[in-house]
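These notes open a run of structures that come right after.
Note that chain A is present in both complexes that follow, paired respectively with chain B and with chain C.
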Partner chain A sequence: MAARSGKALVSLGRLNGCGLGLHTSLSRATYATALTTTTTGNKVFPERGNRGGFARKPRRPPGDPRTEKMAVDQDWSAVYPAAAAFRPGSVPLPVRMGYPVNRGVPPEKRGNLELIKIPNFLHLTPAAIKKHCKALKPFCTEWPTALDSNAKCDEFFPIKVKTTDYVSASNSIRNPAARIVNLQVKLSSLNLDDHAQKKILKLVGDRYCKDTDTLTLTTDSCPLRKQNYDYAMYLLTVVYHESWKTEAWEADITRADMDEYIWEDSPSQKNILDTLVRMKAAAEGEEEAMEEEVLGRPEVQEYKDSVSRLKNEGENESSLLQYREAVKKVLQL
Partner chain B sequence: MAAPMAYRRAVCSLARIFVGITKLGTKGLSACGGHRDCRITRSHVPLRWSTSFHTGAVFSSPSSIRVTDEPDTLFQKVSVLVKGHDRAVLDSYEFFATMAAKELGITLDKVFEPPKYIERLTLLKSVHIFKKHMVQYEMRTHYRCIELSRLTGSTAQVYLEYIQRNLPEGVAMEVSKIAMEKVPEHILEPLWKNQPTDRTGQ
Partner chain C sequence: MAAPLSAAKALPLLAYARISILCTTSGNRALHLTPGCCKNQAARIRVGKGDRPLTYEQAYHPHDIAHYKGWLSQHTSNLQGEEGAAERTVEDVFIRRFIFGTFHGCQANELVIKRRGNMLIVCALMLQKLPPQKFYFLIGYSESLLSHFYKCPVKLEIQTLQDKAVYKYL
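Presenting the complex of A and B:
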């Protein structure tokens, strides 16, 4: 036990010297089990510094470093159980680090500040990681095997909530950006009819992406993440229910405000009817064709489709070709 | 002995998890509305788990695992971005994090290195005058991103706590979690389905 406490005091001394946060190694020291490291037997802890001067006993020379006595098959996780500074006497490797001065070699590990400054991973060797994970494995739960692809996940769990946590060293552990909540949902997974679909796009505006059919709601107005999440769900609920409502003033929509071109009662319909009626009158004399009969003809339906397509989709090769064919058929050219 | 009992209980809880999931699988998951029917039990990580792996010796009293009926959150993706000034430290940390993920059975999506960011400053060398003599500093931030896919809330908590406790000094981390949720019950049907549709909303 004396050797163990001696080691703890040595590390305490290192703390004072280097100012690294090694409090964890101290707390680890108190939970030491029967596995004590073999140090040189009953060595009395040497005096620290020459306070009295010449009246005190002269300081004994330090013994061999621990590396000389280490077995090849020792348990390394006992030497470095937790994060600790580099101790050249405890690491049996011929490490060299630093700038080679005068075309020499990098300095050796004894008294090398560079090796002490840099964080080391001596406590996280593969064997140690395996041991830790073996102890942690009982606390993990399995992923449900039914959800093995992204498509299935999207089908059954369409709402995606993204939150970010930040870990850094500074005066404060809080990061105000951690309160931001991002909620994404595909509109195809919500129960919406035609009118609701159009209205929700108008309500939501920029937050909808047409290419991926995703509605994104980002909330950061509340100070806590839970509050922002609740607000995002509230917004989704409100927008969904409002889109199903049909207000009285929605019936007052004019032709110019409509999203799509409707062929019925449009100038195009009037024109084609006029033309066809006059053509028939000129060809067959006094007979007046009924409007419904004219409208029912397949060529007129084709013409209607092509005009609607031109107006809704814009002018491109295929729609113009379709229009040309439809006109030729209707006017019997 | 306490050890085998605790493990047996853990195995039984895992078995319960499996039974629950196969049932869900056959029903096609569409029948359950909301989180309550997903009978994935959640295990609570006790605070003093660090003592159990201190040395290689056999533990006499392992920490107890508490299993609750609260449904586990499901994360479609967990993205861990580490930032540091030293690339070698991030290399070692990446080795540690990827190995830990493999040991705990977590699928790794992508492990990549976003380009470094260098912030440069040009300052006057002297306290007073001498504008022609300046000194330049630069601060390099290296990044490493580890993306994990499809973890449960308990597994994510365990893995992230392990990773974060072993974060080296001088390294910062940002964790982005994308949780999957069902459409809540109040959004399944519109409120006014049974009411006349033309309501004046003034």
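Presenting the complex of A and C:
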């Protein structure tokens, strides 16, 4: 059995040798070295351990590194077409890296693991980048000429949607953080009247930034990005339409819940009217309650403005000054 | 009836007898303790006679990483907020052992493993112990096997040397 199999293999070897036509005298020997385990009976072929014998092909001396044969004006992007580790035989620079031994120099580039460890940018020379840009150019389209400023972009595309894609050094492309959708819109670009403006602020709460007038909606409750995007658009639509509606119970608002201070029907109005009517009565002796006439006076209007400003804006120098002037005028001091 | 009773009575007697025998033998068998020697021995080759060649990697100890040495394995999983660091480490350990065994006796230095997006790039320095055809076969074999194993493209970048690059002798 062994002899038969050996013969079959030997015949294969012979055929192959004839086919190559190169070193036919040696081809038998090269195959024989692999065969001697099976063809123990055949003594024609030499033994396996005979390294110095004629049977073994003499070991080729290692050739010169590529750096010796490089022209000065070669195409470097052919040497490093893509990102690759540092190859000392391909980089014709006398680079040294590492801490020098005592009274020595840093180790040379041949066999230097430190040079292999670090990332290199040998594949990104300016010439190579020019080639990349040239190759990408046909796929690029012009920026629309109508959108030549940021303001115009905001005007035509007021809603800005932000999504993030994640790449990591693993064999999985899934990242749960990629489903988060961030939608930003300026309220000035939405069509809102006074009531709608106040109502939308109440509906939205924390998501509105007063300094930048931006409403931010962040959705991450759905597992897919598309679902989160649809949900964000839905939320924006609903909030907008709800803010335009006036419910029946909105009329039941009490003074304490109102955002702004309204002077009409306030204790301040009652007090000033009382005071002025009594002053008038004391001066002229008439007790007619001519409230509209009193209200119509410019000093009273000024007083109203100053009090409203104080209550709404808070106490600062200018508002207090204005209040002082108004009070002086009203009380004719 | 009678037999089990006697057996039950006999057992405790025997037990007591055994204990008493133990206590009465000569020699105290206590636990011996020596103070611990808290030496670091990770990846350290100690100073010897001066005939042992060391590569740069072996000459510097782990506390010199980021001072004199770089990192053998680079991936983004160790950054803030990234996941999968443990899986990448296990992969690294396996790949090192795999290559050590596949190219047995040919490895000149430690492997450098880089990850570029999805790809695993293994950079190795080998000695010229095998004929090139065998090297090519082993490279192809490792690449295809590891690619199928890790479900990502694995590339081997092998450089060969005549002999190891010696840094110093210890």
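Convention: the second predicted complex is superposed on the first by the 272 of 333 C-alpha atoms of A that agree within 3 Å, B and C clash if a C-alpha of one lies under 4 Å from a C-alpha of the other, contacts with A are read in each partner's own complex, and residues count from 1 in each chain.
Simple rule for what comes next: a residue touches a chain if its C-beta (ideal position, glycine included) is under 8 Å from a C-beta of that chain, and two chains touch if they have at least 3 such contacts.
Since this is a predicted model, take the numbers as computed values, not measurements.
S.K.: For A:A85, decide between first (touching chain B), second (touching chain C), both and neither.
M.R.: In the superposition, A:A85 contacts chain C only.
S.K.: Between chain B and chain C, whom does A:W244 touch in the aligned arrangement: first, second, both, or neither?
M.R.: After superposing on A, A:W244 lies in contact with chain B but is clear of chain C.
S.K.: Quick check on the superposed pair: does A:A151 touch chain B, chain C, both, or neither? Answer first, second, both or neither.
M.R.: After superposing on A, A:A151 lies clear of both chain B and chain C.
S.K.: Tell me the contact category for A:A71 with respect to chain B and chain C: first, second, both or neither.
M.R.: neither
S.K.: So, A:C140: does it touch chain B (first), chain C (second), both, or neither?
M.R.: first
S.K.: On the superposed three-chain arrangement, identify whether chain B or chain C touches more chain A residues.
M.R.: B
S.K.: Please indicate which partner A:N171 is in contact with in the superposed arrangement: first for chain B, second for chain C, both, or neither.
M.R.: Second partner only.
S.K.: Quick one: is A:A283 in contact with chain B, with chain C, with both, or with neither? Answer first, second, both or neither.
M.R.: neither
S.K.: Tell me which partner A:I118 touches in the superposition: chain B (first), chain C (second), both or neither.
M.R.: Both partners.
S.K.: In the superposed arrangement, what residues of chain A touch both chain B and chain C?
M.R.: In the superposed arrangement, which is not itself an observed complex, chain A uses residues 83, 118-119, 167-169 for both chain B and chain C.
S.K.: Would you tell me which residues of chain B are touching chain A in their complex?
M.R.: Touching chain A from chain B are residues 6-7, 10, 14, 17-18, 21-22, 24-25, 29-30, 38, 40-43, 45, 49, 51-57, 65, 72, 74, 76, 86, 88-89, 92-93, 96, 99-100, 103-105, 150-155, 158-159, 162, 164, 166-184, 186-193, 197-201.
S.K.: Under the stated contact criterion, what part of chain A meets chain C in this complex?
M.R.: Within the complex, chain A touches chain C at residues 62, 83-85, 87-89, 98-99, 101, 107, 110-114, 116-119, 167-173.
S.K.: In the complex formed with chain A, which residues of chain C make contact?
M.R.: Contact set of chain C toward chain A: 55-57, 60, 68-72, 74-77, 82-84, 87-88, 108-110, 112, 114-118, 121, 123, 125, 128, 150-152, 157, 159-162, 164-165, 167-168.
S.K.: Where on chain A does chain B make contact in their complex?
M.R.: For chain A paired with chain B, touching residues are 20-21, 28, 31-35, 75, 77-78, 81, 83, 118-119, 121, 123-124, 126, 129-147, 150, 153, 156-169, 185, 189-191, 196, 233, 236-237, 240-241, 244-248, 251.
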